[in-house]
């Protein structure tokens, strides 16, 4: 057959399965979003419509990929967490990254008119790149999520102060940037409060904490514990599909969030003994 | 700073740059397209609107990523070719695959209403997974493209015959499948001609050959030859941006296509001597 | 300079650092050892000189690479364990694998005359291939070591029975193989005891359990806990260099061995909180 | 069976096959050779015995691994070239690197007494680390080899001058180093000639050019052209095993060497047409 003489080229495809029993994070990031947000006049420092759209798109990704345990988003990025036990796409990195990124992108552009009814999309359309990162232990995964939430806080405090100085204080961007250089959190809080009467603590939680999306399995038995029969796995899949998807803006650095939702970080039980 | 204590998790991100001086193919494939095409009643064996949409989306990808030399598409797949010299995204596999896949997906869903005005998209929206494959020499890259075009021909001949038997011949899908099992090209040509009066040669070239999209640089000096100064590189980039994007349905297995467009397969000249 | 025009080829070298915070196993295996052991008339089922040589070579590898926590060997293989915190050779896989494999090979051939004074080495000289394997959690690392020790037991019981049947029972190799096919451990124990008066439990522990080599740090404070200052790291290195190297033939599947030597499996403490 | 409950750990072993149809270089480097050469009083700038030992060890590696086309060595390093068609060890990187490195190490320490009869090896014994590097095209492979030979020349000219200044000129190492900083080749040639009457051109070729080891297949038909039957492959293997192993100290940067030995750089013919 004519085909077979060329088919040898398939052996150049690499098998990019991710190491087993590691947590998988697929993080997506908006491509060229500074230009994009300017073009569509996002409000500063935060555009509530844009954040709601991000969260709505992420929620839909979780609905379609039941293997995802949890997602955390802030600004134009979102991190999707797959548990160590996942075998989705045989754990192939490129399948995981491109599937999550294209699902998110499709939702983002399709839902856009709902959140921005008066600002139709023009080219270049918004897109998101993505990558897989592995974390060998739940403690390190938590540090990853803490890193993203700490980043959210730091950026938001900076941006809130910067835009108050510019929009309310009438400073130029360059002036504000210069003044903020090297300041600590306390300094920024003081600028906000003294100059603009803004108590940072009263800012919306969604701005200060970002958003965590997860399946509420609180009423069901913990998963991912023991190797399961086919039927058990099917049952569990259905349970996940039916579970309510929660979107919250809460602290995920401290232990409380995780202790109250123990199914989120369950690691595979040891096979032996 | 609060951030730094968690920032160590970044060292888990892997640097996935693809080997230098290899041709890079990013191939995307429609996810779950048998269900999707059924839901939207694609005509069989080929839906011209769907193919036109694929080609239009691919053309837009080339317009936005000038590093892409050429793309070849058929059915629900498209292969985008980056030359050995490309340094786009530092050749990082995940960036390349997710950028191409999300660009294509965004174009596909945004352009959908133009091609399917009467069939609004419903969830799950169409998405495309993607992967990078490396080819060390132009001959092997050509074999890759020949493989895809031979695959297009084989599938199209099969599908054309199968759907003639079902839609015009009134056979059931199972009957047609059974009868076609083990048949050669000549057998299928005969079924088409004798039973249905179809001369396969007269089928549309776009169905038989698929589609090749490329930048017409015929009037400009060959690129990618010698290491260039910044200004030269900028000039060339602009030339590429201005170049007409061609969409053709022609044989890319034989030499003629390539000999007439020598800039498409130019490999980096040897640095030394 | 003449050199620089070619130096670009260096960018083809890949950076093969292993994922951080995973346990690293470097396992080496004798190449072509069935021929080699036949040529040098190793006694069957076990050659005590050969095992002593393996253990002596492994001990020397631990002496020279203080990062190695523990090694386990049986037959013609040895597994060397590096802790999650190791930064030896920047965790580059090829450096780790080739360094351990060549150190072991050099020791094996140099020490050979001590253990086999009457059987000088001839070509092909004994060599060992090697590979790195990552384990994300200590429980999985323990399962790896349990796998090797269970393998040792299974093979040794088989070999002890097989060679008793052949050497003492006068059966041909083929006969013995056929009879042993499908037998359980209990069957083999019975053959040994009933036919040859051998109580398998009385066989040497080194044959039944293999060999574990480790640094005795029982009198020192646990390591690898907290990020250390340079001086602390130096102190600890010296402590490791002075520590006695133990070679034991004991159960490493059950918990007792590990509970008595807690420094062997210490994982990096979480950076945060 | 007891074994199976742990055997799951095998899935953590990664399949590290190198990309097909690329040239494979396995380069080995002496570990800690500045200390080692000092301990054994290697003569400066070159120790002929040490170079002969390197070449003898490399020759033996080629004898045992017939897939190797050619090797190039200088100082304490050696590069072994496998052709794009090699399937040795299924092209697994770790097997290739550790096999070449341990074969070389075993030969080096076993042949040591022949070349250094009066200087028995003491610990740490000499060992060599190794790595695989891929080159997609023969031109780039040649640039790799040119890079190593240019490096040999540059280092040897420097070392010859430096040691003349120290050993004959009575300068201290620091003085010589300082004076040589920033000098060009012409400057060093002049120092050698004017101060010490040394014409660098008259130095031994083995010092100036390094050593290339290859199989002389000049009398046999070129290999690696077409896919072969088993019998053909066996014949060719035997031809290679019988071929004379050449060790030469010649220019491999210019074309002449390669044009006279066309079998060395034969690339796989294209499968199609």
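All chains are identified by letter, namely A, B, C and D, in their written order; residue positions are counted from 1 within each chain.
Keep in mind that, in the parts below, a contact is a pair of C-beta atoms (placed from the backbone, for glycine too) under 8 Å apart; a residue touches a chain by one contact, two chains touch by 3 or more.
In UniProt terms the chains read A, B, C, D = tRNA(His) guanylyltransferase.
The structure presented is a predicted model; accordingly, all values stated were derived computationally and were not measured.
Common neighbours of chain A (tRNA(His) guanylyltransferase) and chain D (tRNA(His) guanylyltransferase), by the contact definition above: B, C. Any chain touching chain C (tRNA(His) guanylyltransferase) that also touches chain D (tRNA(His) guanylyltransferase) appears here: A, B.
Looking at B-C alongside A-C, one finds more C-beta pairs in contact between the chains of A-C. Interface of chain A (tRNA(His) guanylyltransferase) with chain B (tRNA(His) guanylyltransferase): the two copies contact each other largely through the same residue positions, with over half of all numbers used appearing on both sides.
Distances between chain centres, each the mean of the C-alpha atoms, put B farthest from chain C (tRNA(His) guanylyltransferase). Comparing contact pairs by residue number, the interface of A-D is reproduced by B-C among B-C, B-D or C-D, since over half of the pairs coincide. With centres defined as mean CA coordinates, chain C (tRNA(His) guanylyltransferase) is found 43 Å away from chain A (tRNA(His) guanylyltransferase). Here the spacing of chain A (tRNA(His) guanylyltransferase) and chain B (tRNA(His) guanylyltransferase), counted between their Cα centres, is 30 Å.
Once the centre of each chain is set as its mean CA position, chain B (tRNA(His) guanylyltransferase) and chain C (tRNA(His) guanylyltransferase) turn out to be 49 Å apart. Along chain A (tRNA(His) guanylyltransferase), residues 6, 8, 12, 14, 19, 21, 134, 140, 143, 146, 271-272 each make contact with two or more other chains. Across the complex, chain D (tRNA(His) guanylyltransferase) is touched by residues 19, 21-22, 84, 134, 136-137, 139-140, 143, 146, 267, 270-272 of chain B (tRNA(His) guanylyltransferase). Contacts from chain D (tRNA(His) guanylyltransferase) toward chain C (tRNA(His) guanylyltransferase) in the complex involve residues 1-3, 6-10, 12-14, 16, 28, 31, 60, 64, 93-95, 97-99, 101-103, 105-107, 109-110, 121, 123-135, 140, 143-144, 146-147, 150-151, 153-154.
Those residues of chain C (tRNA(His) guanylyltransferase) that touch chain B (tRNA(His) guanylyltransferase) in the shared complex are 5-6, 8, 11-12, 14-15, 19-21, 271-272.
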